[in-house]
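Two complexes come next, and they have one chain in common, chain A, joined by chain B in the first and chain C in the second.
Take a look at the complex of A and B:
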């Protein structure tokens, strides 16, 4: 079982860099609808940076759904568990 | 940071140094946002570089990478990104956002997909001519508009086959292949870009090879959102693009200062002796020969080489003159300091001798200790870290972005010789008494002309590069000058200078804007090689004479302080100009003068070009 807290910290860091928001401000409710910086282009770059950071490839379905902090952490947790 | 703090190159470099080479794109994105937070008004004009990017794919993610790499060399980059896929229409429309932006540099980034897409519109068998023509004809029409607009330089990449081809082992026999189409398009592109001084071919194929093709393109982001370049390719291209920006802003390196022991040869001359140093056709030593060859390639483009080494001068001169494998010889060196003084003192002396700013010099030294110490003493000096292994020197020197020469003129090829002549001249200066005696003894000859086709590129180069004796530091490109001359608004003067020690070439220029009853000095500059020879008085005398003949009643001028042109600040008061309420300087022409200096002979160009003769037609003794 991968440590969700550790995944959460790394996701927060990537989100903070790509979207230029303080890592502290990224909570469970942080999402594309709550952040103006989360544009479609930034979404594309965010996905690609997460793929590099966690060494995974997301499916089309996942890319469409990964629009909040919580879904990103949950999806990564599932993916990393199934690899382990 | 408050707005009354002017930031400098070092501040920008500090922000960029937070991003390390192996970090992902998101680190660039974060650093670019830090650059955004610097208040616009605190950025000095001479660091603001307007860069336009036009592309056939999504370039927005490339912008933060380019901005950070620009900051790494001390430039503030103001970007303009054309709307997606609009590169041809932006070039074609003289009122487009591109031209309104007035970029210093325009990068046109095109991937081979644009050829590929055309290909599928064709029926088999594939023919490259209509495919290439269909893309390049409108593009070249756009480049024609760009040339006329006079908007700085344009840099476009070659087409690169993005992946292994499936066209089969017999593809090489046929012209009906995609590989052939790419080669055909590149040939036409190269010819078109080479036909103008202000358009450049960027070898993307080199960058892709350097990164490795398999790592250069990110196919996932390409298909998901037309972001084609991978993180490593963006980084590599940005480092190379920055060289164009530096050169366009007049900040490229003019002189490389070289250490000797373990830099130009292996070992220590003072201990190993001339026969013991590693320099020759076999390893160890062959890697240093190759490194010297790369340095000579730079020297041939007009970048000066100088030596600075803790050694005994006579032993070093013996190696320069007699070592069979030494490629760099005395004739390639603009100056040298070989002694036991500290390197900072020696480099400052070299800067004074060559009349080059320390911020236009670059030190190559294998010793980390020397580099750190010298950089602490002279923060504006470029001091890159060479690879630890000398086998990598030759490849490394080509990667230094500040070593870029955009325009190579006849003067560039002669520059080292001119500095050597100036060394003899300085020795003579030490031997005479007064300044006027010195000038009289120089046997100065000056030829003043209006700009012509042959001298145009040199004038553009002088405008772009001259920082010291430059009244207004206005940078104009060739298209602007031609347009203004054609409109009758400008007269452009050129001045060639020679003395009895040698020929300086075209080293002065002035642009006059003809106003109602006055002639206005829009630009006035001297190359640093002829500062202190009073030739500026000759140029002003000729301008005043022409203005009187044309019925003008006054000359007007302005001095724009760039922070680096103090040497030009006395020009106007010394020649009878007085300040007036409109902030300009005026000089009525009913007053006599300025007088042509008695120690300068007006000269005419010898028919063969470079050599100046007296107006009587015979060579001066």
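Take a look at the complex of A and C:
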């Protein structure tokens, strides 16, 4: 079982870097709805960065659904558990 | 005509990305011929954004957005503006044009019967947001997925954008 807190920290770092927002502003409610920096372009950037960081490839369905911090952490947790 | 789509990529939202990040973006989402076009442009970063913005505008013309940019575009032109033509042969053709501004890249797309798309897009280009000084405005709601839907059939609750002629 992967440590959700550790995944969360790494996801927060990627989000902060890609969206150019302070890491401390990324909380459980952080999402494409709440952040004006989360544009369609930056969403693609985010997906490619997360795939590299966590060595995974997201499906098209996942790519459409990964629109919040919590969804990303949950999805990565499941994906990493399934290969552990 | 099936639909019209518009996409605005503001420099402030992508200017901070590192060259390696932009390269990764291109490798993940652009087809080889699109990457080759980008590599031949004065700014690789800007070219990648142009292609992705044109794709987003095309998806909006289809009534979708926030999707995965799987379609292939043949890029025509370079620098400040040009055309992007959907390369899939189909009864409905998709085509986009773009214009690089000081602070943003604007892409306009149509989905229309084959043979009519370029003429329609040219007419829209001449009478629409590219034709005279404009102020583009965006409004965001609290209920949306990534990006803003500016197609002819925006989703309920999605942010909308339009043009305000000065």
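By definition in this document, the second predicted complex is superposed on the first by the 84 of 84 C-alpha atoms of A that agree within 3 Å, B and C clash if a C-alpha of one lies under 4 Å from a C-alpha of the other, contacts with A are read in each partner's own complex, and residues count from 1 in each chain.
In this text, a contact is a pair of C-beta atoms (placed from the backbone, for glycine too) under 8 Å apart; a residue touches a chain by one contact, two chains touch by 3 or more.
Fair warning: this is a prediction, and the values are worked out from it, not measured in the lab.
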Touching partner for A:64 - first (chain B), second (chain C), both, neither: second
Residue contacts on chain A - larger count, chain B or chain C: C
Which of chain B and chain C A:49 touches, first, second, both or neither: both
First, second, both or neither for A:38, with chain B first and chain C second: second
Which of chain B and chain C A:18 touches, first, second, both or neither: both
First, second, both or neither for A:76, with chain B first and chain C second: neither
Chain B versus chain C as contact partner of A:26, first or second or both or neither: neither
Chain A positions touched by chain B in one structure and by chain C in the second: 18, 20, 40-41, 44-45, 47-49, 51-52, 63
Chain A - residues contacting chain B, complex: 14, 16-18, 20, 40-41, 44-45, 47-49, 51-53, 57, 63
Residues of chain C touching chain A in the complex: 7, 9-10, 13-14, 16-17, 21, 24-25, 27-29, 49, 52-53, 56, 65-70, 140, 142-148
Residues of chain B touching chain A in the complex: 24-27, 29-30, 33, 58, 60-61, 218, 220-221, 224-225, 227, 231
Contact set on chain A toward chain C in their complex: 18, 20, 32-34, 36-45, 47-49, 51-52, 60, 63-64, 67
